[in-house]
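My questions will all concern the structure given below.
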Amino acid sequence: MTMQNKPVTSASEPTAFKFEWSMISRHGGVVALIAILLFNILITPNFLHPQTLFVNISQVATIAIVAVGMTLVIATGGIDLSVGAIMALSGALAPLIFTSPFAEANPELGLALSIVVPILVALACGVFNGALVSLLNVQPIVATLIFFISGRGIALVLTNGNLQTFTNPAFSYLGTGKILGFPFQGYLVLIIAACVWWVMAFTVFGRQLLAVGGNERAAELSGVPVKRVKIGAYVICAGLSGLAGLIVVAINSASDAARIGNLMELDAIAAAVVGGTLLQGGRAPIFGAILGAVIIQLVKYTLLANGVADEVALIAKAGIIVLAVYVQQARKE
Amino acid sequence: MQHLIEMSGIKKSFAGVVALQNASLHIEPGEVHAIIGQNGAGKSTLIKILTGVYRRDAGEVKINGNPSTVSTPREAQDAGIATIYQELSLVPLRSVTENVMMGYEPRTRLGTIDWKTAHARTREILERFGIHIDVRAQLGSYSTAIQQLVAIARAVSLNAQLVIMDEATSSLDDQEIEILFGVVRELKKEGVAVLYISHFLDELYQICDRVTIMRDGQTVGQRVIAETTKLGLISEMLGRDPEEIEAAGMTGLGGETTEPGRPLFEAKDISTKRGLKSVSLTLREGEIVGLGGLLGSGRTETARALFGMDTLRSGGIQNHVVGGNIRTPAEAISAGIGFLTEDRKREGIVPHMSVRENMTLALLPKLKKMGRVDRKRETELVERFITSLGIKTSGMEQPIRELSGGNQQKVLLARWLALEPDVLILDEPTRGVDVGAKFEIQSIIREYVDKGLGVVLISSEFEELVEGADRIIVLRDGYSITELENPGITEESLIAAIAHHHDEGARG
Amino acid sequence: DTPALAQKDSYRVGFAQMESNNPWRIAETKSFHDTAESCGWDLIATDAAGSAAKQVADVDSMIAQGIDVLFLPPREEKPLIPAVMKAKAAGIPTFLVDRSVDPNVAQAGEHFVAFLGSDFIEQGERAAEWLIANFPEDKGIIVELEGTTGSSPANDRKKGFDDRILQDDRFEIVASQTGDFARDLGRQVMETLLQAHPDVNVVYAHNDEMAIGAIQALELAGRKPGEDITIVSIDGTRDALQAIIDGKMGVTVESSPFFGPLACDVMKKYAAGEEIPGWVKVEDRVFTLDNAADHIDEAY
Amino acid sequence: MLDTTAFDLRRYIQGNNHSLGVWITLIALIVFGLLRYENFGGSYNISSFLNYNAMFIVIAVGMCFVIMTGGIDLSVGSVAAFTSVVAAYLSPYGIQVALPGAVAAGLAIGAINAFFVVVMRIPPFIATLATMLGAKGGALVISGAQTISIDWSSNFTKLGLEKAFGILPWTIVITALVVFGLWVLLEKTSLGRTVLAIGGGEDASIMMGLNVTRAKVLVYVLSGGCAGMAGLFLASGFGAGQPLEGIGWELSAIASVVVGGTLLTGGMGSITATVAGALLLGLVFNILNFENGRGVISLSAYWQMVIRGAFLFVVIVFQSRVASSAQKGAI
């Protein structure tokens, strides 16, 4: 419909064509998901095997968790490029802590610390990002670019650039544990999504966050603590990234600060947007973000499992992102 | 005679909501034509269809007798239609010159922009409106009124056959309006037609030839203005009996001057970085204090300072309701102060959010129940205000951006009334509001004032100020220069007070 | 006719590392730093963060600072040629380390002194040869985990292995996908490919990190690496040797990062006027169950 | 009454101080380098520094145009990689073919971006993210995942490796011309003004009758063309078509633009300050290399990352302070 449309953004143009589209576009994400599933069932060998579900759940978890945080940041009208670096930082810290002599002496306390401390550090990074954005008025892309560059550097300095490998079954449960046959991370994602959704739908904080994204000045003049709300969004996003970093390390039984969370920011942003988040802010479809993450994961899986060469896969992925967002766009007005 | 513009049978709906169902409009060359109608009647939508911002669902548009091919604002301009849209369509970040000249910049021989000529020409155009400003400065650094004048100047400078002004006078005070009317008369003399949309019926009698009346998306009449009465226009516009309306009176702000109660706050010699020099002002329970003055005299600045948006440089505000000073809007709100901004679009509404969410935005801390929003109380409250303020909406979940300007204003007013504040600062509360709704809004304010609310009222409409305010503080150039007291203020005396001091200032 | 090098106690030496995002590179840089003092080097080490263009710029800034000798592990064969040419033009002898440049344009003894390193193609071939000799079953279904797409070790290790292994018709490569030389990606790719090709019984990884990731994926899926699946890899890291000792991995072909001492040695000889061969070949060992335990302590 | 003086200095500064910070920092850093390191101001260092950074300058000014409309172009790095491969394939025919060829390839990808953004109305961030992946994949496909040799015998390498009139590398001369041309486009043509207006308010620009579609198409195509030019420099100055290059270039370009005081939300921006921003960010690398050469401390690559981030932090904060000290009033 937009093909021959003139450059009018505020106008909505209900035409016959759009009407037919509305069914599909209202649920663009779901339609895309079903299409990919159908394709896989027909083409990909052994797709209906339970192990496939298992593999996909465990792989999607980190993207999904970060995407939820990213959705909140985007809802305030911001963006967070530092998620990958924060993952690396928290991922580097955990083994440093539980392989330290202190933790070896007190295994339980060590284990607890190795989860709590990295997440606290991640939260602190979020405070830094949020403070830059809200107190110093630095533009979010650039504010988070600072940690994007140096966060990973800090992680590498801490570990001297070394790969840290370890055997610690209790810690690895984060990444490899199973409940009722499904990966532990899968449950974690659902719990996090449900909590954040609840916060956004029912709490004052959620409402204020959306107001800040929708019209910051109006929010401020209505007494919304804009700065605090924004910092809150970055802190949550950073905390979730920290958790995702721990999960990656737990699955691999190794922490490679140079690699953890590489390019995660792009996946997370794409997931959020495919899930219906508007980059201008003011909207936070949490389950949409999960859906977006699942779609992105399935695209990856499909291309890999069918032996599509990496370079061609890149092109295919590009096409699918464009298509998925295009279908989403149609429903916007 | 050939019609300049001929629109008939226009239909338009937005995502199922009907905005226009059978609208028509006929404009003759060189006439000044008005459209009136309640908020949401479809006036702006009709002209946006004419200028190609929206596409019509059905109907016919002819320009000079030929079917119109206009499908973008640019094509409308090329077809000789210059428009000042209701929500100012300017680019605040760019300079005044750019905003006036954009798209029609003078060129040098090399084909590049000739900035010198551009600035000079802009200065010249603005001078016609009595504005002498630095044309290189960012437009956004000037007040809404100046921006509105710049928009008008731009439109007028385009050499059109038809200039459309959608509520162009909403931010202007009498003096500017006079200048504008002068320009309109000049245009008329040059054979340029003007389409004039306004909620100020008095204005229509001064300059318009004919008027088109719209109600609920339909054109319900077209009159020669000289042959109508104000009451007749209103009754046609509202679709109600003339007697009924007459009984209600024209402004709703006036009331008995009651004994003012205890003092709410006292501001002494306050000044801010933004240009406030020395303003003193007290407010007591149950009174309306008006701020009078010309554009840029510092009325909005005073409001900002009282609401904690600008930090005080000197002087102090003593708040008698709560102690302590106010540094942020949030603190002001919790101290019982509300502020209805004059810039609805930029500082008021959160466009994507629903009427409900917009209305309760400031109230959220009070609706909090263990971190959660108390949805039951919220819904009740919103329902109550929608009914009591007569807000025209398809439901409380409708996004506020889909409401007409006047209805948005009512939602914002409800945002503050719901807080049950002690002090309410109203900056142009009835701007862009139709006569019916204006009366309602004014009555509501009066009702709250009678119950003890203290109001600081800023209005460019002297009538509103004179009838409504118990006292008027007259401001000039950031100083409060005199105070008038009701009863006894007339529009003439107010104008005299402002002008007297102004003239004195200009000479001195 | 490469620039001569005077015999001095102390040299200003440039080492333009290409990236530091994997243990191998880190070990290599460390090896140069460790050698610096004993060899009398005043070492300027830069890091190009994976960009060939930046590596050229880094070399430029070293030339501007007036180095005596340049050690350069060129990130890519062709893009680093300008760096070699500029160094020569500035009268600085260059030694290429661990990778070489395009021999059609720049030759040892002409544009640079020598290439110190092993042969990536050969590493792939040796991995294939071990597999051919030691694979017990009749049919080898291979999944190949490639390095970073387009990088020269990935291209060469693939070429060497694929060409050699396909000469034996017991073997078939059913899938070959990039794991970007990283453990995490190696694991994810293996998880996925295992679903699509459950009958796979050989994994060839272009480096040990991906091999370890693959082992984790296999174990998570309930497979027994080392028993029903043979793992073949390249590098010789500590984790890989441990995996070999644990019986999870079959072989890893060494690709040593410890170039510092060799570099010092060759440079000294060159300064003394000795003839240096165009390719100072590093002999890579092959680690299997037979010798892994002996070498694990020296691994990085 | 409405008289606010003809020329108000305060307002003038408000409108123009956005790039003050970057110039101050740039000069400070140059002085620091000159005082601290010998050979820092030597002609070899200056010309090789500019030669390397020419790519980033060209990309950054293209990016600046996109950002001024409120958009963003994440694809520039991949596009440069792609066009470097194109240029390498065309190098046997000489610079007269390779230059237009590479730039045309960049323009074409820019046109794809424009199509996504303007016609399909996909948010720029996502549209160009997709092209970034696509162009990278395309570069790998057409190159067969190999670096592509250039023809050393044609005049192609003159561009990147030889000096114009024996003084400055050709790349720098061309870059200067491109920057000047774009500066004229922005400051002196109504198309340039439209670009700024769009960023300041797209709806308003449409209603003012500006040709918003044309301007938006222009900026994406232009940015693609600039990236194409950078790819050409990459191939000729660094000896090959390199499908793997360009990673992270978009972020440094964005950083250059922002450090130069341009608002990411659009509506305001400066070409010259963007160039200064690009030079500033490049200078950090150069200085870190020289610092390592002093041999007092050897900064590991990791410390360099930390320092670069910290430096960006300082510059951004400084810049935002300078800009806001006069700007505050408008918020």
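Going in written order, the chains are labelled A, B, C and D, and every chain counts its residues from 1.
Operating definition for what follows: a contact is a pair of C-beta atoms (placed from the backbone, for glycine too) under 8 Å apart; a residue touches a chain by one contact, two chains touch by 3 or more.
Computed from a predicted structure; not experimentally measured.
Student: Greatest Cα-centroid separation from chain D: which chain?
Tutor: Between chain D and the rest, the longest centre separation is with B.
Student: What's the distance between the Cα centroids of chain A and chain D, rounded to whole Å?
Tutor: One centre to the other, that is 29 Å.
Student: Just the number, please: Cα centre separation of chain C and chain D in whole Å.
Tutor: 34
Student: Centroid of chain B to centroid of chain D, CA atoms only: how many Å?
Tutor: Distance between chain centres, rounded to whole Å: 43 Å.
Student: Can you work out the whole-Å distance between the CA centroids of chain B and chain C?
Tutor: One centre to the other, that is 72 Å.
Student: Would you give the residues of chain B that are in contact with at least 2 other chains, written as numbers and ranges?
Tutor: Within chain B, residues 53, 72 contact more than one other chain.
Student: Mind pulling the residue numbers of chain C that touch at least two other chains?
Tutor: Residues 20, 149.
Student: For chain D, jot down the residues that touch at least 2 other chains.
Tutor: Touching at least two other chains: 140, 145, 203, 206, 263, 300-302, 304.
Student: What pairs of chains are touching here?
Tutor: Chain-chain contacts present: A-B, A-C, A-D, B-D, C-D.
Student: How about chain D: which of its residues touch chain A in the complex?
Tutor: Interface residues on chain D, with respect to chain A: 72, 116, 119-123, 125-127, 129-134, 136-138, 140-141, 145, 202-203, 206, 212-213, 251, 254-255, 258-259, 263-265, 300-310, 312-313, 316-317, 320, 324.
Student: Please give the residue numbers of chain B that touch chain D in the complex, ascending.
Tutor: Where chain B meets chain D, its residues are 51, 53, 72-74, 76-78, 83, 85, 88-95, 98, 102-103, 105, 111-113, 130-134, 136-138, 140-142, 146, 154, 175, 273-274, 294-296, 502, 506.
Student: For a test of understanding, state which residues of chain D touch chain C in their complex under the given definition.
Tutor: 37, 39-40, 42, 44-45, 48-49, 52, 55, 140, 143, 145-150, 152, 160-161, 234, 237-240, 242-245, 247, 285-286, 289-290, 292-293, 295, 298, 300-302, 304
Student: List the residues on chain C that touch chain A in their complex, please.
Tutor: 20-23, 26, 146, 149, 175-178, 182-184, 187-189, 191-193, 195-198, 209, 212-213, 216, 220-221, 239
Student: Give every residue of chain B touching chain A within the complex, in rising order.
Tutor: These residues of chain B touch chain A: 13-16, 52-55, 71-72, 307, 309, 329-330, 332-334, 339, 341, 346-353, 357, 361-362, 364-365, 367-368, 371-373, 375, 415.
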